[in-house]
Amino acid sequence: MINIGIIGATGYAGEELIELLLGHAGVRIADISAKIEKPQDISDIFPKFRNRISLVCKEPDLKEICRKCDLIFLALPHTVSMEIVPKLLRAGKRVIDLSADYRLKDTKIYEKFYQVKQKDKVNLALSVYGLPEIYRARIKNAKLVANPGCYPTAAILALAPLASLNLVNPDSIIIDAKSGVTGAGRKLAEGFLFTEINEDFKSYRVNTHQHSPEINQELSKLAGKRIKVTFVPHLLPVSRGILATIYVNKAQNAKRKAQNLISLYQKFYKKEPFIRIRGENDFPKLKDVVGTNFCDIGIKDSQDNIIIVAAIDNLLKGAAGQAVQNMNIMCGFPEDTALK
Amino acid sequence: MINIGIIGATGYAGEELIELLLGHAGVRIADISAKIEKPQDISDIFPKFRNRISLVCKEPDLKEICRKCDLIFLALPHTVSMEIVPKLLRAGKRVIDLSADYRLKDTKIYEKFYQVKQKDKVNLALSVYGLPEIYRARIKNAKLVANPGCYPTAAILALAPLASLNLVNPDSIIIDAKSGVTGAGRKLAEGFLFTEINEDFKSYRVNTHQHSPEINQELSKLAGKRIKVTFVPHLLPVSRGILATIYVNKAQNAKRKAQNLISLYQKFYKKEPFIRIRGENDFPKLKDVVGTNFCDIGIKDSQDNIIIVAAIDNLLKGAAGQAVQNMNIMCGFPEDTALK
Amino acid sequence: MINIGIIGATGYAGEELIELLLGHAGVRIADISAKIEKPQDISDIFPKFRNRISLVCKEPDLKEICRKCDLIFLALPHTVSMEIVPKLLRAGKRVIDLSADYRLKDTKIYEKFYQVKQKDKVNLALSVYGLPEIYRARIKNAKLVANPGCYPTAAILALAPLASLNLVNPDSIIIDAKSGVTGAGRKLAEGFLFTEINEDFKSYRVNTHQHSPEINQELSKLAGKRIKVTFVPHLLPVSRGILATIYVNKAQNAKRKAQNLISLYQKFYKKEPFIRIRGENDFPKLKDVVGTNFCDIGIKDSQDNIIIVAAIDNLLKGAAGQAVQNMNIMCGFPEDTALK
Amino acid sequence: MINIGIIGATGYAGEELIELLLGHAGVRIADISAKIEKPQDISDIFPKFRNRISLVCKEPDLKEICRKCDLIFLALPHTVSMEIVPKLLRAGKRVIDLSADYRLKDTKIYEKFYQVKQKDKVNLALSVYGLPEIYRARIKNAKLVANPGCYPTAAILALAPLASLNLVNPDSIIIDAKSGVTGAGRKLAEGFLFTEINEDFKSYRVNTHQHSPEINQELSKLAGKRIKVTFVPHLLPVSRGILATIYVNKAQNAKRKAQNLISLYQKFYKKEPFIRIRGENDFPKLKDVVGTNFCDIGIKDSQDNIIIVAAIDNLLKGAAGQAVQNMNIMCGFPEDTALK
């Protein structure tokens, strides 16, 4: 039985982690904490948890957490994680960080996009980017996993086969992504009020979103050369789900030899429990994946171009689900435990 | 040409007032103000107004407002209005107040439900409750109109014929009301975030809502005896609209002589431009009234009981639309100007 | 390992049954059928099931179903079940019928509300009303369980303590219920199009809904005297969930001796795994129960009246979840298997 | 006073036409017809029109329509219009056709995408594409206006300045468009049920939508050379509105001389009453245009690429609003009459 701590339990990802871990026979939620006015039972904060868990959520006490827990999830805002991670690692704990703090290997880029200093370069160097489909072997023994962002999860999984095989013109990738509102976290801002978002739809941070460099970093690694995507996120009036429509120009070598892209994707992901490749002219919709840890991918080969549609649940494969998948890998549980 | 001021222009009711008055040929929006960090053109705050109005919205300057305007709408939170109204009236201006400050004639009840002192009893005594279907004659010459609450508008209009004719058992009235989210104003609270309200539905302030005494006051006046309703409001995951389902027991005299309730309602409201009575087994839905100033009412006679369903747009007949209707009456415009 | 058949697998309740049973270690889905144009894998009909189940859904072949299955769920429209049930029972199978065909013991009432003849009075007499909180002992050995309607589940659970103890005036019960759209089934009618329901809200079948007699039947049994409720359902623009706001007048004996109603409810339901009673001034919202098999109940004691708010997920506790709960009881599984 | 006929009054565009024309002082709705089971007052079909219009809607009787009306709107499905248009024109009537029948000048392309024969080539040759910003002069005297499709309206207006000035690489245009559900018409298909669309989002007809050739035709004309766009539409869970995010590569001449694209757009559209160009880093959202006849356009210059976001109300500027704008031009009314 692994003892689990969740720091940041009152956000959407934290809430989802509790939901998932309550269904996991190999772990026990030992400590729940968050920025909170006064200690309160988590089942009073979220009445849906009544009769299922009773545990007081309070401000995090790192000593107590280290005493009680083996593995800790951080579901914290960016920049807060890097204050806490060094202490947890020093105490010998394993950490899965859902924030962006340990995702970007280039601290200058981190600092440009998040507008704070990366103060923990030592652990940044050790952290493993928690996308199991790419880094499974390294996740197994990782002390610190940087759980990927929601948009990057969809975008990288959609493009990894093409990038790895250098089938795509590196300057041509356009990612038009649409996300449900939980993607922004439980943020108290006028723009997230029901009346503002209901019956509305908009783009935001047009080609300046902080997830762009994360996508660029991982695709460039896979391709072995610099890839820079055009990335425009949009806000959907739904609670959950990301659907990304991706447009790429084929590289010269891809144009030369015709190949069946769908087969190529199926082969690339053939052992992956959470990737489902669609057939000809079959594209995923949000409903196919919301409530699941799957990433569904549809592909259309249009002569010189390729159109890819990828869908995930931003709180599952895009956050808490992927975090639990990483935990399963780290702890030797079957990878889909509590995720089916 | 009447010059209009709007204080509180950035809330939902204020925004709607601008929309309506832009379509009114007899008035000119002369001043727009609100609690606001720095002055900003109203068409930058609401891009939908671009090319339609350009006017800077700033903190209210009462002297300037009095210089520029003949009639002022107050779309302010409760308790703020009564600080401003005395000054505007003293300057000889006519005022339509959309807050609750001048609605409750009994200051003890006001103080109980709003938890502040009513400090302007002089003007409270002069204020006219702005429900044209009941008080049209007095509204015409009023200096200060207290524009009714959204729930009370629906409830009082639905019950006025029965109350006036004493056909209803005064202790038996149950009002189960459901409102869209704009009813709560543009309020920055976690409970009003999109993700909280989307796909949810709940009751709130179960039989303790501050609109109860307003309904009781007006129905009691109509009946000539004390009426005390049971009132449970609910929050609908829609932007606009109120639907109230009302259950009453008939009074003895109503049980004795059979009568066609639908005809009775049609007769009661026969000259009213904004009341539509439905036929047998025909009940209004939100869509029939949203975007209009109508109150639609369906009635079912069930032996000893009566079921009434009433629907309004909470921002129109329940707020800004009714306010413009009152303005039309006060200024001698045809009553439906800008409201069709 | 129990072999399960689902007839009517393509409706909302059928889809939900598959979802639940896939997570149940003690059963195996052996046959899936529905009214369907041509046989198709269920994971092509519902892409969310890909990689989770692969089984062809075709027109029901009762012989094959009886050969393959031990227990059969019928998720069929009303009147279709009673054609099939006799054959399944004759083959010695156990049946859980989610339709209304075997719920109403009085065939005249059935015929009045469903406008067809009840042709299977023999099995009707044997059927057990599948509300575990009331009929658990009889469900255990039942051959045929009539799974309750969604509205009746919420209403009966909300009122059972008061009815059983005769604390309520039998003519005074008003049930103002609001349901998500899946309550109506996957029905191809203009009124269920997205654009019709989105941003709308309405009452329907005002005090004439076919679930009224089901509520009356069960409450009357509990009270030992005739109870006839006023029942007005409404259609919420959400996919799932029922919230019922219920108003009752206390009976004389309830008025005489003051008692804590919340304690009374807690005691009544103290061993129930799926009933959660709320504390003082704490009422459930849809989100507390959607996705769960719980029925949450809040109670307000208002002098001579009582207000009760009850919430369930109409597809879980109101349909498929309750059906699985019944199956668990019938087959000796822990009652909450696959329902947590 | 112009007498107006609406054929196809019960669809979303027809309903919207009635709404707009009721607010137009220069016209009178003289005849309303539709495919309908039995004649019914339009205010019984749409209760929101009660007390505003009373006119029986019945199957179209072309003789009667020609006798009563001067100008006729056809809000009919594709292929139905071309049966009716010749008769109306022969009777000397002016026609605004909201279907696609007279939009595509190349009948082979029409037949490929709509899979029926274009049978009225004579009037096709005379028809004017009803986009006032491009064809105002010709619309003025047109007998037959082919009102543009909703997606093409947004796409063409967003790209017309670049296409006209040949600033864009003709093979590079990607249009990722998202539409509210009314865009599909009041269609009784399972995919348009509330429960299917609510909380969902999907692409459809990926690069095969019938609006592609309409966009290609008009942009090619403007550019004076063949343009072929990549067009992927998506279905938003909202009732109204289209937002198109458009990605283009600059042509060589555009890369050579730096220019301010926003100024260029403002200049191109400077006299247009319904085009609003946004400033630097300011992009439209659906709410800015829903309920209006505006097309709002935001532009981002990204070195070699340009990103354009355009928003319209699909039922107004994308259908009925544009149709009324065309009528105003044809009849000599101020162009924004009934459209403010």
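Chains: A, B, C and D, in written order; residue numbering restarts at 1 for each.
The working rule: a contact is a pair of C-beta atoms (placed from the backbone, for glycine too) under 8 Å apart; a residue touches a chain by one contact, two chains touch by 3 or more.
The structure presented is a predicted model; accordingly, all values stated were derived computationally and were not measured.
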Checklist outcome for this item: In the contact graph of chains, the distance from chain A to chain C in steps is 1
Next on the checklist: Using the stated contact rule, I'd like to know whether A-D or C-D comes out ahead in C-beta pair count.
Outcome noted: A-D
Next on the checklist: So the centre of each chain is just the mean of its C-alpha atoms; given that, what is the distance between chain A and chain D in Å?
Outcome noted: 39
Next on the checklist: Centroid of chain C to centroid of chain D, CA atoms only: how many Å?
Outcome noted: 46
Next on the checklist: Give the residues of chain C touching no fewer than two other chains, as numbers and ranges.
Outcome noted: 196, 199, 237-239, 284-285, 287
Checklist entry - Considering the complex alone, what residue numbers of chain B touch chain A? => result 12, 181-182, 186-190, 192-199, 237-239
Checklist entry - Which residues of chain D touch chain B in the complex? => result 22-23, 47-48, 50-52, 199, 273, 276, 278, 284-285, 287-289, 291-292, 294, 296, 340
Next on the checklist: Taking the touch rule as given, give the residues of chain B at its contact with chain C in the complex, in rising order.
Outcome noted: 174, 176, 178, 196, 199-203, 206-207, 230, 232, 234, 236-241, 243, 245, 247, 281, 283-287, 290, 298, 300, 302, 305, 307, 309
